[in-house]
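A, B, C and D are the chain letters, set down in written order, and residue numbers restart from 1 in every chain.
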Amino acid sequence: MTAPSVAPAGRPRLRLGGPVGVVYLALVGVYLVGWLAVAARGGDFVTVGNTVTILQNSVALGLVAVGQTYVILAGSLDLSVAYLVSLTSLVTAQTMQTAGVVPGVLAALAVAAVVGLGNGLVVTRLGVNAFIATLGMALILRGYLEHNYTGPAGAVPTSFQHLGYDRVGPVPVSVFLLAATVAVTWFVLRRTRLGHHIYAVGGDEEVARLSGVPTTRTRVTAHVLCALCAGLAGVFLASRLGAGAPWAGTEAQYDLVSIAAVVLGGTLLAGGRGGVAGTVGGVLILATLDNVFDQLAVDPFFKNVVRGVVIVVAVALYARRGVDARRRRMRGGS
Amino acid sequence: MNHSRTPVLTVRGMSKSFVGIRVLTEVDLDLARGEVHAVVGENGAGKSTLMKVVAGVHQPDSGRLEIDGVPHRFPDPASARDAGIGIIHQELTLLPDRSVAENVFLGREPVGRGVRRLLVDRAAMVDRTRALLAEVGAVSFDPDTLVRRLSVAQQQVVEIVKALAGDARILVMDEPTAPLAEHEVGLLYDLVRRLTARGIAILYISHRMREIFDLADRVTVLKDGRVTGTLATRDTNRGELVRLMVGRELRDYYPPLAAPGDLGEVRLAVRGAGNDRLRDITVEVRAGEVVGVAGLQGSGRTSFARALFGADPFTTGEMRLDGRPVRPTSPRAAIRAGIALVTEDRKGQGLVLRQSVRDNALLVLRAAFAGRRRAGVGPVAVTELLTRLDVRAGASDREVRFLSGGNQQKVVLAKWLAARPRLLVLDEPTRGVDVGAKAAIHEFVRDLARQGLAVVMVSSELPELIGMSDRVLVFRDGTISGELPARPSEERIMRLSTGAEVAA
Amino acid sequence: MTGTGRVSDAAHRRRIPAPLAGLRAVAPVLVLLVALLVALAVVDPGFFDPERLLAFLRRSAPLVILAAGQYLVIVSGGFDLSVGAVVTTGVVVAAELFNLAPGLPWLVVVAVLLLGGLLVGVVNGIVSTVFAVPSFIATLGMMLVLQGAVFFWTQGAPRGYLPEDYRMLGRSAVPGAEWLPWAVVVLAVVGLAAVLFMRSDTGRTLVATGDNDVAAGLAGVRVARLRTLAFALSGVAAAVAAILVGGFTGVSAQAGSGYEFQAITAVVLGGVALGGGRGSVVAAMAGAFSLQALFTLLTLLGVSGAWESAVQGVIVITAVAVGGISWSRRSRRTHQPVREPV
Amino acid sequence: ASDLPDAGAGPSAGDGTEADATDSEFFDQAEYDRQLALRDAVPDGPADRPWEQALDPEYVPTEEYRQDGPYHLCFSNAGLFNPWRSVGWRTMRAEVDLHPEIAEFTVLDAQGQDDKQISDIQSLTGQDCDLLIVSPNTTATLTPAVAAACERLPVIVFDRGVDTDCPVTFISPIGGYAYGAAGAEFLAETVEPGGQVLALRISPGVDVLEHRWAAAERVFEDSDLEVVGVQFTEDDPATVKNTVSDYIQRFGGLDGVWMDAGATAVAAVEAFEDAGVPVPPITGEDQQDFLQAWDERGLTAVAPGYPTFQWRTPVLAALRVLGGQEVPERWVLPQPVITQDTLDDYLQPDMPPQHYALCGCEDLPDFPAAWGG
């Protein structure tokens, strides 16, 4: 059966990345505006030092958001990451205090994996929707933390703090950690079967199931990977803080902000479309904004106002496509 | 077609029930190599369920399943696929945001060797997809294309290729022609024949009788989950099949057309109207008249229906209802002007599936005619309607999604008739509806016409179109390529819609 | 074909008294609620003294009202994460108003708050419908904006006091019927209003819209408008809650923190499906009562403040899992060629 | 390159901060005694300016830091996440405005995030600050950053300390033990023996608050009062009010209420009023609404303070350091307790409810307007 031929849809990468272009345009925009604004006040924004600060401040949120990307693409989401970051920071620090660096990292990641597994199983096997499941998990972790910790605990050896404090040239080591995580994630999502299955499950779970995709395993894996990223964030914070802190993850609202960052990166909140490249853009946008406000000595409270506005406006812009999609749906057509 | 007598697939004593409801009872069926074996039955008879059991989607409660005489169990779709069973589901199973290749190989993406076995081998995926597409003679689109960019017919091709990609020796087609128009059906026929020639055995489900007789070697009839007969198509006829399906005789003819006297004033008049998908549409529809709309997939029929209904309004030209100019710019406006549209996508656009039959039937009244405006029409009237339409719903507070396709369509009709429209637009009103319900709907539509309603009916099923229409408009490339009087020949319709003939 | 009976006789069968019909929908959460109440009675026999009970009702009022509002948004297919921030803002703004214009009649302030809540809701609605921003993000943004704005305005410390007459609704009892707190009256009124609304045409079309907005739109529903209405009402509910909370305790910079998740949890406990289209408002409010009962129970049991949240987490997950209340994402895709139902 | 201090001062946070919140592993007898002793120490400094006073100070020379103005001061603030900090912050800004020789005052706000405050400190040390003031968000976790900063420029730490003595001076009031003890002792005196006392705490885990409770627990143990309950309130007035009324209903009244912070004291008072029972002796804080309630309703109360005037001191200290004048190495500020006798001295008319009376800001320009009065 023939029909008017249809042009191929360009390189898959670009396509899957959703409106990555837009995201980075927005980033550049924010950066330029920041530059002008700061320059207007006689400061200089585009210094190595400042750029480094922006990167440095993106690491923790970046790690969490990259993880969040997995679950959101898979049509889920994870509200427990904030507490998980705190928990893993503590596990890291305490294990290192007694058992040394490697066991510390491993222990943290193990704990993270278990929590992720828990989320995944509750979502898939018990059929509790991800919002409630992970919210419940968050409450449980919170209870555990508040009951067992009364402040920073554990201590990491100085050798390990280099992860948090050292620089290669001007670039903080931790930025390489983030870069590596992003690279791996990009690779997993684009090039592996798991990646394909994550997009499928997020796009339409039933279709994926009928096509022989192991939906349960895929979802669970996504949750585990998300938790592992949060775990890495915890490890990083432990090295930076020199100890674990029960509020390391919650003070920064990593749960909601990471979701915002992902969506800000052009990934569909409903899942099935988007990618990690956009997420990085989203994180950088938030970090840059923050930095600009610091430079401009803007009232910290006012930051939140602008943050909120930026997130909504940006998503509204991407949503244009969403609107078209909806119109198409209205037409029930291809 | 040639086929040896050794069955590739044997189903014995297959039973299946969902949450206590028996859906399949002791079903036996066998499928010979290179055979096209049709499975027919009313909505809800269990056809799709049987196929899903065969394809490993559902686990049977009891019963045997053999391939080449070897017993098999399929815990999941993948294992059935690996055993050489490909299926085209009744529901669409494509991801619009993924490329054709990614869809075709979803769940079995090819991987490299050694270290590279971690990676999906994109090149291989694309090449093999291209090959498969060529095999079925679809060269019009590239494996990298996003599925959402394909036409309905092209998406159907992808479905078929997807089903074949696992080197299927058994191909299950569950109502493959439902979304296709007559002209694409022809292409599907060719494909089926080519496949059987290669020895592939096909299980073919359809509500369209003629397809059964055109394609199938044998036909198995299901009624309420039981096999009521398996016959060779050459020694049976429509009447017999229908009796086996419905359990009673069913008149083999359409209700009589409108006599000249029955036609009233011009109800709908469209002149030189158009929008981004339609141009230069000029139509008149009289009260009491049923005007059929024919055309190929993508010819603009749904666009036309939606334009009349204000969903994608006309942007040019003029439109009059009972002589008064109207140009509805929203469904709401159209509804208030007395226009109703039964959409082609019943589940997606017609029903709120998790609401009760009542709430569905009352939806239009509640939405568009608040308070006083809807004096008279109300719950009572709606209940009567449902009864008149003979909706077998168990109870009117039952959720609509549990109804069979036919009953769902009747609920949609009830929803619109409750609003007392003056112009009723039907887009594929009997798509996927079984013979029994189909006949009922035809009767009912004609009744309404007799009572003075003006009806526009889009259909891809030519017999229906010819049997029901007092006049037929043929669409091509977004405009009307010709208008034919009652009882036109299929062949003329086809020629007008393909452009082989240009209206005088 | 499926089913046998005709609608006609089905119609008779349906003539079961409405309350019973309602019960069916509410059942699971009622079980939970009753269980918790029994537990409360066991742990603390005095709990069912009329005045203790009323105290409990009054205490639950804000959450129940928020849940009712949240229900409207959820059942129409959205989320409202901004209610907590609205409550905080409401409390602080009221204080600010009385600070700027000390003599202000309290009813004026109440009106201002209600209008404010309405406005916030309308903005949420428009952003998430007209601009097609997922309501999760739209209301999250609103939350950030409100939190930031209110603290920016007050520089972190609310100024001004809430006068007694304004605090009456949240704090004192109906004159003449000293046993009856105003808050309970407000709760009753809001609850009744919610039930009536959901029985109205608008209420039912709202549910239909949450089920399938495309079909609803093609049936003449003004989808955007209706969804916006839901957000608006949720905003108003939040404002009412703010009035009660502020009245009950006076000024506080974090009056509403955590309410958004509590409200959503309550609604889900009530068996309302996230994603919309199913669940009753009564059940949602019952969910809120259950949650409040759970809190009270935990305090009575002297569960360490720390473990409280953990227990809450476990209970919520189990309740939802057991209730089989699993969120099915928008059932089938609808922007695809139609195929027949399975 | 590394931003770690060469010393690589690994924080010694670990030991024992992990444990069940309810037992007072926070209790440190020596520190406890030191603080109680300090309460009676004679302050060194102008009598009417407590923020310039120091309790038995050991002065250290600062010649090495002397330089000529104008100065560029930098301040890394933990955040403004509660009224106490906002009031303090206003006071600090006002103090800065008093000194023309401070040409520039650069502030970074960490919004309560340790991670961000570390970056803030790093980027501030990168800029051309003459001196860095730090109000740490957390003791242990900020130590390395502060230590690193010390190597680049003079650092002054206040409010919460760090685990290194590299800062030129560390400024803070006497401390949590003294605060907690003050309230508890007051109850021990005023509540008749055997009385039932309810202790309301914000939340476990915040060391300052843990110290307050640890001390109070001590006092109660030695007294003949019965602590009928210890409840966490998350500093939420509604929770406080509900908890208190629950206890009133269950115990038919209470004989005393101890609170580890005063923000919600009024809610507690109202709980008694709404229940129609007399308000027992209660401890609050120097917050305006409580002082007013106390005054108007004639409560039996006491208000220990964690004075916000300490936000003035770092600025003054900074100027001294840059001026080469000696400063106390450990600058302990007095920690007044407001009692019935001193209530009138502290109670300012028409200040906002969340104003802190111990702000020592009355003499600053545009008081009270800038403080919301």
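List of remarks:
As a convention for this text, contacts are C-beta pairs under 8 Å (C-beta built on N, C-alpha and C of every residue); 3 or more make two chains touch, one makes a residue touch a chain.
The structure displayed is predicted, hence computed values, not measured ones.
The fewest steps needed to get from chain B to chain D, moving only between touching chains, is 2.
Centre-to-centre, using mean CA coordinates, chain A is 36 Å away from chain D.
Once the centre of each chain is set as its mean CA position, chain A and chain C turn out to be 30 Å apart. In whole angstrom, the spacing between the mean C-alpha positions of chain C and chain D is 38. Residues of chain D in contact with at least two other chains: 21, 80, 203-204.
Multi-chain contact residues of chain A (touching two or more other chains) are listed as 146-148, 204, 206, 301, 303, 328-334.
Shared contact sites, meaning residues of chain C that touch two or more other chains, fall at 151, 155-156, 214, 217-218, 304-306, 332-338. Chain pairs that touch, as defined above: A-B, A-C, A-D, B-C, C-D.
Contact residues of chain B toward chain C in the complex are 42-44, 48-49, 52, 89-92, 94, 96, 148, 152, 155-156, 175, 178-179, 309, 311, 331-332, 335-336, 341, 343-355, 357, 359, 362-368, 370, 383, 386-387, 390-398, 401-408, 415, 428, 431-432, 436. Chain C contributes residues 44, 46, 52, 55, 59, 95, 99, 151, 155-161, 171-172, 245, 248-255, 257, 299-300, 304-306 to its touches with chain D in the complex.
Against chain D, in their complex, chain A makes its touches with residues 49-50, 53, 56-57, 60, 90, 93-94, 97, 146-158, 161-162, 164-167, 169, 237, 240-243, 245-248, 251-252, 294, 297, 300-301, 303.
On chain A, the positions that touch chain B within their shared complex are 1-10, 12, 15, 191-193, 195-197, 199-200, 203-204, 206-214, 272-273, 328-334. Per the touch definition, chain A reaches chain C in the complex via residues 75, 122, 126-133, 135-140, 142-144, 146-148, 204-206, 256, 259-260, 263, 269-270, 299, 301-309, 311-312, 315-316, 319-320, 322-323, 325-326, 328-334.
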